[in-house]
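Note that chain A is present in both complexes that follow, paired respectively with chain B and with chain C.
Up next, the complex of A and B:
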């Protein structure tokens, strides 16, 4: 374990990723304290709308006169909650489905995998937009839409990994020793395939943040007063090219956040997945 | 399993997969809180007009009956009428498919033209400053929100510099339709002005779409080259005293390319998903923009049509990529 941590610490890119995610999580937690204008999430001040960045408003103001920096901090809460819950739920559904379908080789597991194939036959964003539009724009519905379209990805991944070790000797011997299917799956298979799941979780959070921002951009995320990065960018469109700062900050925020999770994911891959460590 | 039975087996599954896809979207479209007949009849419609719409589209019948009659129509090649454009959906899709394909193929071409040489360089000069720099760029390329990148490109190249058009596909009337690809049609018609207009309109959306794809091509190529360099056959060639450029050209490149080709399906799916967003920002008259607009306007016949079309496209692409993979590396087909 300490050896793994040491290897992770040597990976400068992964450390850089952590240096983005750590402060971001803190910023999201302490947003009400850190934000210079914590009330700008709902209040509007039309007398100072669309002001360029200055000492007063670090990143400028938006069309309602809200301080973009303050709204950005609260937006981090929305984004992290959304991505965290979505990926968590998708894992909770997808991993058991993949494990069961991978362990048993029968018609039911075949049928389960066909269902995941249906979901994966169209781009995730399309189904997510359709579901979010049907349910109506809200944070909860965005989470629901993203989860419903994301679990098949995990089911696929876990299924493939489970199948690849299903006939290994250590699994067969566990079964031969009389271990119940439950025991084999939870104590033997799951730990053996944990690495790709961990790696993919970090990258998956990044991907989910991008998809969630797209929903917000199309007006299908949390409703208007809620600070959400994608929606902020959409709002800025009618104020271009004058208000260049309006979209700049939320766009960079999305970029840095996703970059952070991707770098950490890459770092995990390098230390957990020996297959990617070929050659010198 | 030989390739023929593989194809047959896969094609056999296309129909149930598409059926399932349609069922999901159908159920979705009928649990909508808004009454589609109301939308179709317009805001000022009387109760009687709404009722007429309901009967015209069959919304008054029970769900399974509606689905069965929809499937019957689909089987005979009729996807219904769009409530928004008032045109047959088949026509809508057919007129928009070439625009999306033109965008995706151009982006794929750009991504390979940029990605393959850079990926090979990275793999050959592993741990050099170039490798590190490109690693940073390619990881970054995958983290950018495409709609934001699209807007920044619009801001710089269209609004500030005025070099390229803001949105749309062409200025004035398009050339006579032969392939539906405006660039090719303009070439065939010998219309230089239209060609340059189409190319200018295509530049920004294709670039937006190509950038993340190029980033992943760089990564696949780099890993492919590193894998190939360390393979026994290349070590053998080196030991035989072949010059390095020959080894790279004849052996390393081929091995690396074959590993990248296997990721082609993934990249194409990626481009298709990206097109949905990019087309919306650039007002590109393709399938993606159509899908978003149809969904936002609850034009569910159009959404079903789009889903069917994309689903079929993805399944066919995956099948073709698998066949290509079998041709390159027959081991996997055992």
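Up next, the complex of A and C:
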């Protein structure tokens, strides 16, 4: 374990990613304390609208006169909550489905995978837009739409990994020994396929943030008053190019966050890849 | 049939295992008869060797006995109790009495588990013993297979191939099995390590009063190790009998070819004595009657008749309709060959 951490620490790109994600998570947690104008999330001051960045308002103000920096910090909360819950729920559905379908070789597992493939045949964002549009814009519905369209990805990944390890001798011998399917799956198969799941989780959070921002941009995320990065970019369009800071701040926030999660995911992949694992 | 007070340890009764070959939309396009109508019995403490080429069904036989594959037809009885039949679910207690040692027993250990955890696992599954009691049993077996106790905290990739084999053996011995199926116990080992493993297996057999089924394509190993030997060809037993008799006076043309094909120092060149004609037939389209007849120099039209059963004489069975004819000395010269058995 310490060996793994040491190798992770040697990976500069992954460390850089961690340097983005770490402060971001802290910023999200302590947003009410850190934000210079915590009330600007709901209040509006029309006399201060569209001010450029200054010492007073670090990243300028938006069309309602709200401090963009403060709104960005609260937006981090929205974004991380949404991405975290979505990926968590998708894992909760997708991993068991993939494990069951991969372990058993019968009609039920075939049926599970065909359903999964139907979902995967449509681009995630298209399906998510359709569902979010139907349910109406809210944070909960955005999570629902993203989860419903994201679990098949995990089911597919876990299914493929399970199938590839299912015929390994140590799995067959555990079954021959009389181990229950539960025991085989949880104690032997799941630990063996944990690495790709961990790697994809980090990259998946980044991808989900991007998809969530797209939903927000289209007005299908949380309602207008809530601070959300995608929606902030959408609002800024009418004021471009004069109020350039208005679009740049949330745009950069999304870019850096997604970059951070991807770099960390790549770092995990490099240290957890079984092909690069060494003996003592 | 002789009246007997107790049933044999293992009875295999017309056991078959077929694999469907599926094409488009899961349609069954052919059947692979990996194991077809195999019957034999084994007594307690016996060592039965099973030899045959790749694809002869010897591993399928082992895995069907073990319950890894469900039989398509026929049944297996262990001590008189039915343990394998189509649709029969195997009881956990049976799994403990019958154990399978993989070709590479090291591969049967989870690479992410320490040896200790892997050796505890069978006991966790089959008993509700306390940790200490399990550990005592594991220590006892580890000593019996000559595995250094310090190895228990290591991972499989950290120890040598020979030690891995010992660990794999220890894993099945903790359950006190009666019948152990050894799949290629010496494949891929140095000759010196082979000898050590065979000696260990003999010793363990005495110590734990085990009965072995040894599956191997190494005739020398089977010859030195087993009491009886069964020769398989394309899913069927073609000859079965005491080792000395089968090796000394093989009755089936296939057995003769197989024995002749084994190179010996100072023996005839393999190419001269190799008596098989052509290639093995497509396993999906096996010949009717005797499956060997397409490659047999003695084949006659009658060999394509009904299924050839094992014909026993003094405990030595052979599935060839013609063996009595040529064993009596009237060996008809098959067409296109002057001397059918040049080297005996």
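Just so it is clear, the second predicted complex is superposed on the first by the 273 of 280 C-alpha atoms of A that agree within 3 Å, B and C clash if a C-alpha of one lies under 4 Å from a C-alpha of the other, contacts with A are read in each partner's own complex, and residues count from 1 in each chain.
Keep in mind that, in the parts below, a residue touches a chain if its C-beta (ideal position, glycine included) is under 8 Å from a C-beta of that chain, and two chains touch if they have at least 3 such contacts.
Fair warning: this is a prediction, and the values are worked out from it, not measured in the lab.
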Chain A as common anchor, with chain B and chain C clashing or fitting: fit
Which superposed partner A:214 touches (first chain B, second chain C, both, neither): first
Which of chain B and chain C A:81 touches, first, second, both or neither: neither
Which of chain B and chain C A:131 touches, first, second, both or neither: first
First, second, both or neither for A:115, with chain B first and chain C second: first
Chain A: partner with more touched residues, chain B or chain C: B
Touched partner set for A:237, first chain B, second chain C, both or neither: first
Partner chain(s) touched by A:169 [first = chain B, second = chain C, both, neither]: second
Partner chain in contact with A:258 - chain B first, chain C second, else both or neither: first
Which superposed partner A:192 touches (first chain B, second chain C, both, neither): second
Chain B versus chain C as contact partner of A:179, first or second or both or neither: second
Inter-centroid angle chain B-chain A-chain C after superposition on A [Cα, multiple of 10°]: 90
Smallest distance from any CA atom of chain C to any CA atom of chain B, in Å, after fitting: 5
Contact residues of chain A, present in both the chain B and the chain C interface: 279
Parts of chain C lying in touch with chain A, wherever the complex brings them together: 66-68, 92, 95-96, 100, 102, 104, 107-112, 121-122, 125-126, 157-158, 171-172
In the complex, chain A residues that touch chain B: 13, 114-115, 117-119, 121-127, 129-131, 133-134, 136, 206, 210, 213-214, 217-219, 230, 233-234, 236-237, 240-241, 244, 247-248, 250-251, 254-256, 258-259, 262-263, 266, 276, 278-279
Chain A partner contacts - residues on chain B that touch it in the complex: 13, 16-18, 20-21, 24-25, 28-29, 31-33, 135, 139-140, 142-149, 151-152, 154-155, 159-160, 223, 226-227, 229-230, 269, 272-273, 276-277, 280, 291-292, 295-296, 298, 303, 306-307, 310-311, 314-315
Parts of chain A lying in touch with chain C, wherever the complex brings them together: 168-170, 172-180, 183, 188, 191-192, 279-280
